[in-house]
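As structure tokens, here come the structures.
Each of the two complexes below includes subunit A, the first together with subunit B, the second together with subunit C.
Right after this comes the complex of A and B.
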């Protein structure tokens, strides 16, 4: 089936005279903002109604979220700390999703890499310093995360097997394997709790200017901006986007689909592994059996809401970190389980779908 | 001594395996129907969770398992209406909406459960079984295979019915056309959107019943996460079945047995780490996908919204 090539709306400023350019640019960024922000607002409103149904005061809940997650100094630092792993996970998805690769195995890659780092860190720490320890741990985390996507990658590249299924199965497998490793192989013999040895606080990532926030945040921001640059300004990034937009065209253009597919899987999952390193070496210092914060799955919507745009991803991840940290506290205050934040994210996605439809309809109306 | 052990072991393995397999068959059958029509239903897990919760509440209050299964199906159907509205009519991305529905249903049911039952954590009485005369008397395998809740046999009837339905009815053929050549279906006077609506709602109902089966007959309670990825496994089964629905039953049986291996091994006191055993079903799935994945058949228009104006 051939698809007639019509100029994409993104490229239309090529055809416009210079004076229209600024205006159309402004209009476009306004539309982008409204398409991204409207779902958030709508989700907050519907979420508030759900709180009412549950007999909780939505205004109190949301003000608790803000006052703890953003305004309070302790909570704000917590939010900034939480941003680090989320940013690295998001960077991984920013490589995969625009290329049409649905790596939903982030949680398995994250947890498994975290377990290996938590096992290796305390063993290495006494014999090295940070200059060696941190790079080694990050490389190992990247390698473990990437390794966990080799099989799904091969199955996608050579067998054409849908990667959603294989990465989800790899996650289930990875979570069990992680629990097994912690309990049977890496367990700290000095405690009865099934957990790894603890990385001493002095051997963790350095903190920024006397705050509790570690440099993981910087690593995360650099990763997002680096991926953003790669996807928008390099030939490799252009190839990935072509693969995502029109695989047939990519084949016709002589691109090596198998190599591209594999590199997408490896980079994307490697970044998920690094996210775990930031969490373990920066914050937790230890992994317990059954540890799975499920960051990987909840980060998926944010990358969509931000349209794979790096600065926007940072903004959304920041807002989400506030929502998570503040939401944990507000939920405890309201005597609710932590699932309310999950519901909010789901609502945002559903409203995103609606607002995209409305936008596409107005684009169509404009064409007529 | 050893043969007593192995009898106990086999019987527990089989009956546990069947109990785990039945929800997977419901889910896989539903997903197969939805995928046939061109809608990849990643919200399947969410529909199962909704079914599990609603079925649990219904059975808890009415005392009837059948009523609970039905209400569970309705709950799954209600969740599937979001998929219909957003993906079939508004052409939204099926993957995004699927993830959203799974997250949302998991979250909402967990919140409702904590609001209603966080203090009491009620349990349901053990579900009654339907023992098939003679067959259930077969040693070792009889109890496991032929003395189960009647919903177990119902799902097999449904699979057989669906096979006939796809081969011999107009709606069945329409569903296949909606997944492969929706424009051709429209040209032939069919309605791809209406056809997909029917398929997705059917999938929602079946997934809901499957979820309720987990809560009512398998676990006897509802807790967040009770479905434990059954929806995702259902999607895998549907993809592996390549349109041959009996494969769903075979695959579900295999995975069900490996899921129940943990309990069976503990029963005979074998001390193998639980986590290692629990890796088995997923390892099995990946190996099976690796071997048979190449032949996996997916409808041509899967995941593509039907847009009458875009040709």
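Right after this comes the complex of A and C.
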């Protein structure tokens, strides 16, 4: 029986890293790149048209994005700083999505871990130095993030309940719980605003070579590369991908589905927790009640655009950080709501779906 | 037969289709007359499925032409094929088990926004009349018996219009009665002027049902037997002729398994019992248990056949032994160790192997390479992984050896396993279970989809392995295969063992009785 190839060349290169023909390899990476880059280009064009309709100058808008988010030194540093938590969140999704687990609870895990870190940091800081403080806070953040996915994880692994619903519910609960914690337990008595104590600037993550960028960026990149290595080169990563591609085959091959499912939830959510630690200990130093930057959701399409490929994720997250930082400024200049950046990302996702569809059709027609 | 009948309804002319590393179809011409059942034969990987995929619009050819009723036609998608009246039944069901038959029909074919139930009911009625079968349109597909499900599949293929029906290995999962009734359906369709293409590996079916036979080998058409050539010849001569075409003149007929049964029986008596099932029971959704008090004892080196009509608990029995399915009560012993609580992986370590009959569903991961699939049950183990790091060179080498030993037709071990022909995929699924010290192997329909020669090779392998001390449980619906390879044959009916017989030629009738529930 001739089976049509899977529409997405998902992880194609991972399993035949030393393909015999350089030519076919080149062709494959070209298709992969075009499938990922075309949606971005299309989204930029359609976004531009949208700006025209709204009576704004698209060229001005985009040049503002670039000049503020990438070219200007301040903006560029902002973008790099923003990349750190996004990278860690993306690393978490790079574990879950290829395994077919839709952990959409990133924001709940992120905020809750952030609150705990923000509460703990200022308490600990006077008694320790960075060598102890940072590792402890990161471990705690990982643990809190992971803990917040235990219930959805168990529901998935033992009861087969849909994790999209349970993780979204867990996010909702996590956000409420975080607000409650800040107001009732961790509030700084010295201010009237409901917020935690502020972590003194001297106790924040060290910066890189006199820039304002902290080492969170390094942690994020290491996390991405580590996860990429794990997924492509280790036995554990292969097991996760098989669970995602064909769960029945995973059972048949003797994999422990419950243990694998739980570890996916824990690792993925733990990384989301660490993302919050980077944001709090590196940048904010404090959490206000109702804080939720919603990084977890915005990162989802990027991981898909990058097809779970580590270096590509770093590229997309970088571009997105520029878009976010530059876009804030450009939107303000163009008198548009900040959401315009989100519209652009949504367009990218839409065009990704379209280009995947087109590609799968051409594969089926045997024109690969 | 008048002229009109001899004129081809559909013609494939000089069809060529290459995949990286193989020419699957090399200038094949194939014509279909009105009112004929045209058999397509060929060894595994010969290019049969590729050819009919081109006819049904799943693949587009690199070169060649499709001519329908004398006019060149473009078939670029399955939809084009359906519009041209060419319907295909693939090996995997396209029906959704949770929907009713009628809903399934409307699912793929209803093109307007509104569901036209009345029209669908009418069409359903027409087609059941045409096929002369009875199917309840409101039954859930999942509740249908396998044979009926296949009839529904045929109805779906003929739904939009009926000119050509293509069947790719439709009989591998059917009971003998199911096969007979499929034969009747094909004949009836042919009488009504349709053309039927029928792919099979069973020569008996080819000779019984076919009007004409085309044989492919390694992508080329190597022979065509016209109806006149087929009548008047003895069945055995015909078979020899076909086998010579299929495998090349040099190949003598597939050699049967050397017997020596009496010696083996004596030898077996001295072997220790090494595998036991005691009073195994598992419950299904319904009130009846799926397995009901199964007790079996196997000696080292024994081949125990399990006969029975499909769906009487054989698959579940295999899954219980492999550890994929929990049992309600009862024990499973390997030597004297209770293993019914051990995980699949632990049992694999102990040497328990399971050759699944579901090679697409659970047996392989289509997107992954042949190499990875050949070690998929040994992920993380030496020598393929070291300190959890994958060693592609070692895995590829292992896969290359398996490809050579099992004679798998593929350009190399790095291609996705989904690109293999059905039979070649099966060779990998069997081969990987035999690697690395198997002790008890459960084979669930191991020859399904294999050409006659490869089938014999696999059966010989099972017997050979057994002589070296591997215990085998051979589940099959083919009695001759069971009799030729087994030492004893147990018959399953409704989750129970209705009898166990020593295997020897001539017990078919006895087995047949046991299979329908009569007790020994």
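Keep this in mind: the second predicted complex is superposed on the first by the 346 of 368 C-alpha atoms of A that agree within 3 Å, B and C clash if a C-alpha of one lies under 4 Å from a C-alpha of the other, contacts with A are read in each partner's own complex, and residues count from 1 in each chain.
One rule holds for everything that comes next: contacts are C-beta pairs under 8 Å (C-beta built on N, C-alpha and C of every residue); 3 or more make two chains touch, one makes a residue touch a chain.
Everything quoted here is computed from the prediction, not taken from an experiment.
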Which superposed partner A:319 touches (first subunit B, second subunit C, both, neither) = neither
Key: Contacts of A:342 with subunit B and subunit C, given as first, second, both or neither   = first
Inquiry  = Which partner chains sit in contact with A:38 here, subunit B, subunit C, both or neither? Use first/second/both/neither.
reply    = neither
Query = Who does A:242 touch here: subunit B (first), subunit C (second), both, or neither?
reply = second
Request  = Count the residues of subunit A touched by subunit B and by subunit C, then name the partner with the higher count.
outcome  = B
Message = Once chain A of both complexes is superposed, is A:180 in touch with subunit B (first), subunit C (second), both, or neither?
response = first
Query = In the superposed arrangement, does A:234 touch subunit B (first), subunit C (second), both or neither?
reply = second
Request  = Report for A:252: first if it touches subunit B alone, second if subunit C alone, otherwise both or neither.
outcome  = second
Message = Quick check: in the complex, which residue numbers of subunit B touch subunit A?
response = 42, 82, 86-87, 90-93, 95-97, 99-101, 103-104, 106-108, 110-112, 114-115, 118, 224, 229, 232, 235-236, 239, 273, 275-276, 278-279, 282-283, 285-286, 289-290, 293-294, 296, 298
Subunit A partner contacts - residues on subunit C that touch it in the complex = 17, 20, 49-50, 53, 58-60, 76-77, 90-92, 168-169, 322-324, 343-345, 347-348, 354, 356, 358, 360-369, 371-372, 376-377, 379-380, 385, 388-390, 392, 412, 414, 416, 418-419, 421-422
Task = Mind listing the subunit A positions that touch subunit C in their complex?
result = 1-6, 10-12, 15-21, 24, 233-236, 238-239, 242, 245-246, 248-249, 251-256, 364-367
Key: subunit B-touching residues of subunit A, taken from the complex the two chains share   = 50, 54-55, 102, 104, 151, 155, 159-162, 164-166, 168-170, 172-173, 176-177, 179-180, 183-184, 297-298, 300-301, 304, 336-337, 339-343, 345-347, 349-350, 352-354, 356-357, 360
